[in-house]
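Please find one structure pasted underneath; my questions will follow.
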Amino acid sequence: MKIAVLSGKGGTGKTLVSVNLAAVAEKGGYFDCDVEEPNGHLFLKPSDIEEEEVTSLKPVVDMDKCDGCRVCVDACVYKALAYIPGELMIFDEICHACGLCTHLCPRQALTETKRVIGTIRRGRRGSLSVHTGTMHIGESTGVPIIKELLKKLDDDLSIIDSPPGSGCLVLETIAHADYCILVAEPTIFGAQNLALVHELTQVMNKPAGVLLNKVEDGINPSELYAKEKTLKILGSLPYDSYVALENSNAELLVERSEKYRTFFLELLKEVVDEATLAAQR
Amino acid sequence: MKQLLLLSGKGGTGKTTVATGLIQLSQAKAYADCDVDAPNLHLVLGTFDNHTTKPYYDLPKAVIDPNRCTECGLCYQVCRFDAIAENPYRVIPHLCEGCTFCTHVCPAGAIALEETVAGTIELHTRGDETFSTATLKMGSGTTGLLVTEVKKQIKDKAEFAILDGSPGIGCPVIASLTGVDLVLMVAEPSLSGISDLKRVIQNARQLQVPICVIVNKSDVNEELTERIRHYCAKEALPFLGTIPYDREAVAAINSGQSLIERGGPASEAIQEIYHKVMKELEAL
Amino acid sequence: MIIAIPAEEKSLDSVISVNFGRSPYYCIYDTEKEQSTFVENKAVERSGGAGVEAAQNLVDRKIDALVTFRLGDHAAKVLTTAKIKVLKAVNLSIADNIAKVLDHSLEELNEVHPGGINKG
């Protein structure tokens, strides 16, 4: 089962849920796809880390062959090229590595070489494999890093910690998921963003359930939304300053508290059951 | 027009809640939600009388005309983004990055580029108040241009404007920083929050915008709050105060009530911070 | 010499645009002919690469100097490679800044900010 954990909004508890589920499962893999600001490794503290670079292609010019025709400069929709007489400037961070300029150059003055756009670190925490992707600052997209990261998905059990929002990074992250956990806060902001991310799972045809987090007394707009849309509510975590404290110190709840260990074991079972049911439909 | 921008680095630190309080206290007549990925400010500002929208365009995307397609498959071969599907050959819009490579190789002229609406820019007014925001279509990438457009709409509409910034460290944050007078960083006392805070401060410094810092939900982890205070002292960044975690704040937001009216520890803390922020702005 | 200045409006009384790459217009001033023209910035609608395109357009116009408040690092590289002087603007009108250029009383702009887009 490949389970993705999403929230439309930052700070709702995506990472909290992902790392604790992965830790309590003690098998399979945890994949941190929040490549702009990965935090899961702070909690899981993996060891035996192997690093790989993620590369993209960049055009390189041989100025002996370049005659300043500017076909490349004009054709590039991203404006990653500029021509000053005697020099063709190439801006790697703006370049999308589409290959068009290299293809069009009438003098074959352009060739493509690899360049590093991010890093993947794969390690272990007991029987759990931990995979972290980091995008280098200034790069135009984190999608290639997520793609590379998810090549090692474990079909038995994978917990995929997705980036916040509902943009192209999130789409890439949930593309291979069997089931999505939507984490939601009990505020109107939380409900609004829950709706956004729920819509995303519908567009991508992914079964989903809701985990209510930081629940207080009183009306919970996210719970109301879930009920209105007949979304399965997988569980509910009341606001607990103890949780907030442990989380702020990047400590795993399931290691420090029997109560929460039980909660996440039950949640894991619930999620796997729901995912199995959904797969059968 | 003086502009105050709220940033946080990480999401969920309470930027929008603080921004709402400051808007109410300052009675600012111009405000903007630059968090175009997940706009929230409109939920707490009540209703407006006048609304105008305009589309925001991304790069034009490729579209294959099945009637002209000869099924040679060249487009499929050259596309680096897996945006062309086979049987029949067609473009998957959310994967297309608009590079136009396919249009250059198609021997049948079957591929055209079509304008794509990636989002909507919105302007809302009531009386002398102006509120600018935008929404992104699902799956689109956030860019600095959209944030720049949102900011442009409130330019010179009032003497003082408050901008609710976007989380993260990317281009939308940089775009929100250009031309503002003061940044208020809303930090949270967590290890991940601190590392993200430092990255955003770096960006703001490069753009030479003055920064001041507050810690929200400070009592969640007093030790880390101290660490942030200490960091600010070391870096000569004005530390304007802390806001405790307050259930009243959540209840107020949810019932659409003004945080300031409802009162409570968070409300009081924000009021103190408001006075300090205005002093910083005047001193500039 | 030919000076370029990012302009909010098509007037010598206009303020200088805070944005270089997305400035609506550029004032192109020829100091010998004492003539100014205002050109539209084609890069203004771009979601990425605005700095590069705007800089390329100014290079193609053979300017000698740019007066601006801020400059992104990509545009800066283009202008430096083309040996165009970059001067730091002061908070006055375009006309006043031109006078200061002729007076040699503007400093060189040394700080550039990070540029580029970050999609997704």
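Each chain carries a letter (A, B and C) given by its place in the written order, and its residues are counted from 1.
To be clear about the criterion, a contact is a pair of C-beta atoms (placed from the backbone, for glycine too) under 8 Å apart; a residue touches a chain by one contact, two chains touch by 3 or more.
A quick note: this is a predicted structure, and the numbers were derived from the prediction, not measured.
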item	value
Set of chains adjacent to chain B and to chain C	A
Distance-maximising chain from chain A - centres being C-alpha averages	C
Chain occupying the most central position, where position means C-alpha average	B
Centre-to-centre distance between chain C and chain B (centres being mean Cα positions), rounded to whole Å	27
Inter-chain centre distance, chain A versus chain B - centres from mean C-alpha coordinates, in Å	19
Centre-of-Cα separation between chain C and chain A, whole angstrom	39
For chain C, residues that touch 2 or more chains besides their own	46, 48, 50, 114, 116-120
Junction residues of chain A, two or more chains touched	36, 78, 141, 167-168
Chain B residues counted as touching two or more neighbouring chains	59, 141-142, 170
Chain B residues within the chain C interface of the complex	57-59, 141-146, 148, 170-172, 174, 178-179, 203, 206-208
Complex interface listing, chain B residues touching chain A	9-13, 16, 37-38, 40, 43-44, 59, 78, 80-81, 94, 97-101, 104-105, 136, 138-142, 167-170, 188-193, 195-196, 199, 217, 219-221, 224, 245, 247, 250-251, 253-254, 256
Touch list for chain A against partner chain B, complex	8-12, 15, 36-37, 39, 42, 75, 77-78, 96-100, 103-104, 137, 141, 164-168, 171, 185-189, 192-193, 196, 199-200, 203, 216, 218-219, 221, 239, 241, 244-245, 247-250
Residue ranges of chain A in contact with chain C within the complex	36, 73, 78-84, 87, 89, 91, 93-94, 138-143, 167-169
Complex contact set, residues of chain C against chain A	43, 46, 48-50, 52-53, 55-56, 59, 74, 77-78, 81-82, 114, 116-120
